[in-house]
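Written out below as structure tokens is the structure these notes cover.
We just call them A, B, C and D in the order they show up, numbering each chain from 1.
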Amino acid sequence: MEPYAAHVSLRWSDMDAYAHINNVQFLRLLEDARVIAFRDWFDNPHGGRSLLDEGVLVSRHEIEYRRPLGFRHEPVEIRIWVSRIGGAGFDVAYIVTDPQPLRDAVGGDATIYAVAETELALYDFTASTPRRMRPSERSSLERQLGVVAPFRRRRR
Amino acid sequence: MEPYAAHVSLRWSDMDAYAHINNVQFLRLLEDARVIAFRDWFDNPHGGRSLLDEGVLVSRHEIEYRRPLGFRHEPVEIRIWVSRIGGAGFDVAYIVTDPQPLRDAVGGDATIYAVAETELALYDFTASTPRRMRPSERSSLERQLGVVAPFRRRRR
Amino acid sequence: MEPYAAHVSLRWSDMDAYAHINNVQFLRLLEDARVIAFRDWFDNPHGGRSLLDEGVLVSRHEIEYRRPLGFRHEPVEIRIWVSRIGGAGFDVAYIVTDPQPLRDAVGGDATIYAVAETELALYDFTASTPRRMRPSERSSLERQLGVVAPFRRRRR
Amino acid sequence: MEPYAAHVSLRWSDMDAYAHINNVQFLRLLEDARVIAFRDWFDNPHGGRSLLDEGVLVSRHEIEYRRPLGFRHEPVEIRIWVSRIGGAGFDVAYIVTDPQPLRDAVGGDATIYAVAETELALYDFTASTPRRMRPSERSSLERQLGVVAPFRRRRR
């Protein structure tokens, strides 16, 4: 299965004083990839509110930078999938790469700028407590389940 | 040895729509902790330029969030130390906590908001190539060498 | 003449603790509208470098907020035009509004979220000095010349 | 009367690809100057909540950039005062400059990086409506009342 592809536009201000997309801004791009993906992944029978509203908390990030990324007008493509499903949370994995037209233009393999993984905990913001996963959420996530994040290495 | 303590002020805008300090902004705070620490850690015999200018590239981040952090006027204390020294880079580990006056005020143990680790690669921006560590850099780093980052768990 | 329309995507993080797009982030959106517009407005006979690279400095901003803007997946439309041409700089005016599909959906007039104006000074980054406008730049700007920014009021 | 002086730390990320503090980030610094000043200016008899919580909305910004500002470890000093009091809002004016030790070090007049003004509207977030100024708020503001913002020019 091909993972979900979210396209996120860069901003000129994502560059830092080295004139490259700043490493912290990569996490910002991943945040928007989640927002885009979660809207599509989760059924919203009650209308309007997504998982992000209900909501989820980030409990862990891991990111490995592979190649510097400069500013350009074309968005980045962020491939995002579920890499673990637990009773009260789940992980998503990501690859930050180029969208198809840019890949075709260079006529070669996709450039991978970063690989990352985020651990999310389900949270009930009304009651301010962690919460268990609902069956409907589990089945939504299972449709996106893929491999573990393809980090080059896990250290130690 | 007590690790180096950098004090970084929060900004009102570090809060996201949940009215907590946003998870990505924690990485932003760590960036400033490195800038503050590196100025102190490295001898600057040639005057003016720090390791960050010369410079270093972030090649990996890992961060574990422990407790939500709200906006307040008191800075956070970021304890930062060297957790690995290699031939062409090094790791720094961090604990995001409260400064002493806030800890005294609650009369108890320090609250830990996050634990993190960053892998840095030495880089020659003039030649646009990775570079080897200089002996003077190694001895500066050795003075800050501590334990591995106290993550709750390394998964898989 | 219809002014140039730049479409800029919102980010979830553009919201502040009030869960609205933060007032400072509006200026960030305007920055990207300029980057998008300037690429289209200026001939680039020498290839690759736009006016923004060569470059320009912001010397003044004025912005009037009309209505709160919430986060949504649809981009905002930023209408941007030249409102003054001088010997060493120029002004651009903007209206932040909804793109056509959103306007059609509400079946009424365009909602205006903000009106703004930026004064730009031409700058030679190589020589670190202000510079005069070139004839080719002037004719590019003249093609985008429109009215003054439609602020509700200029005070005092 | 000397205006209130808020000291705001720069962040390395306030620099943009030109390696100067980005023009939009100046507005971000002003936001924090307001947060710092408002905590001091307003009596908080009910404990804990400041005017910013209750709250206020930005309805207009005007900013004039005077000199480029580079990153440095010393904070900027933002002089902030009330420049207009109305029935349902007020204006604050600002000068972004160096704190006293830096001014002494150069042995001359204060460098002015920017002059700005913000129009604020009082807002009742519970009822989601504008609201009138309370007498206690008016007297707090009157103690900070100063001249209009010293812009070089108001155009047109």
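As a convention for this text, contacts are C-beta pairs under 8 Å (C-beta built on N, C-alpha and C of every residue); 3 or more make two chains touch, one makes a residue touch a chain.
These figures come from a predicted structure and were not determined experimentally.
Taking the definition of touch as given, a chain qualifies here only if it contacts chain A and chain D alike; those chains are B, C.
Taking each chain's centre as the mean of its C-alpha atoms, the one that lies farthest from the centre of chain C is B.
Taking the mean of the C-alpha atoms as each chain's centre, chain C and chain D sit 24 Å apart. Rounded to a whole number, the gap between the C-alpha centres of chain A and chain C is 30 angstrom.
The centroid of the Cα atoms in chain B and the matching centroid in chain C are 37 Å apart.
Counting partner chains per residue, chain A has residues 12-13, 24, 28, 31 touching two or more of them. The touch graph of the protein chains shown is complete. Residue ranges on chain C touching chain D, taken from their complex, read 18, 23-24, 27-28, 31, 55, 57-65, 68, 125, 148, 154, 156. Note for the complex: chain C touches chain B at residues 12-13, 15-17, 19, 22, 24, 71.
For chain C in complex with chain A, the touching residues are 8-9, 11-13, 28, 31-32, 35-36, 39, 52, 73.
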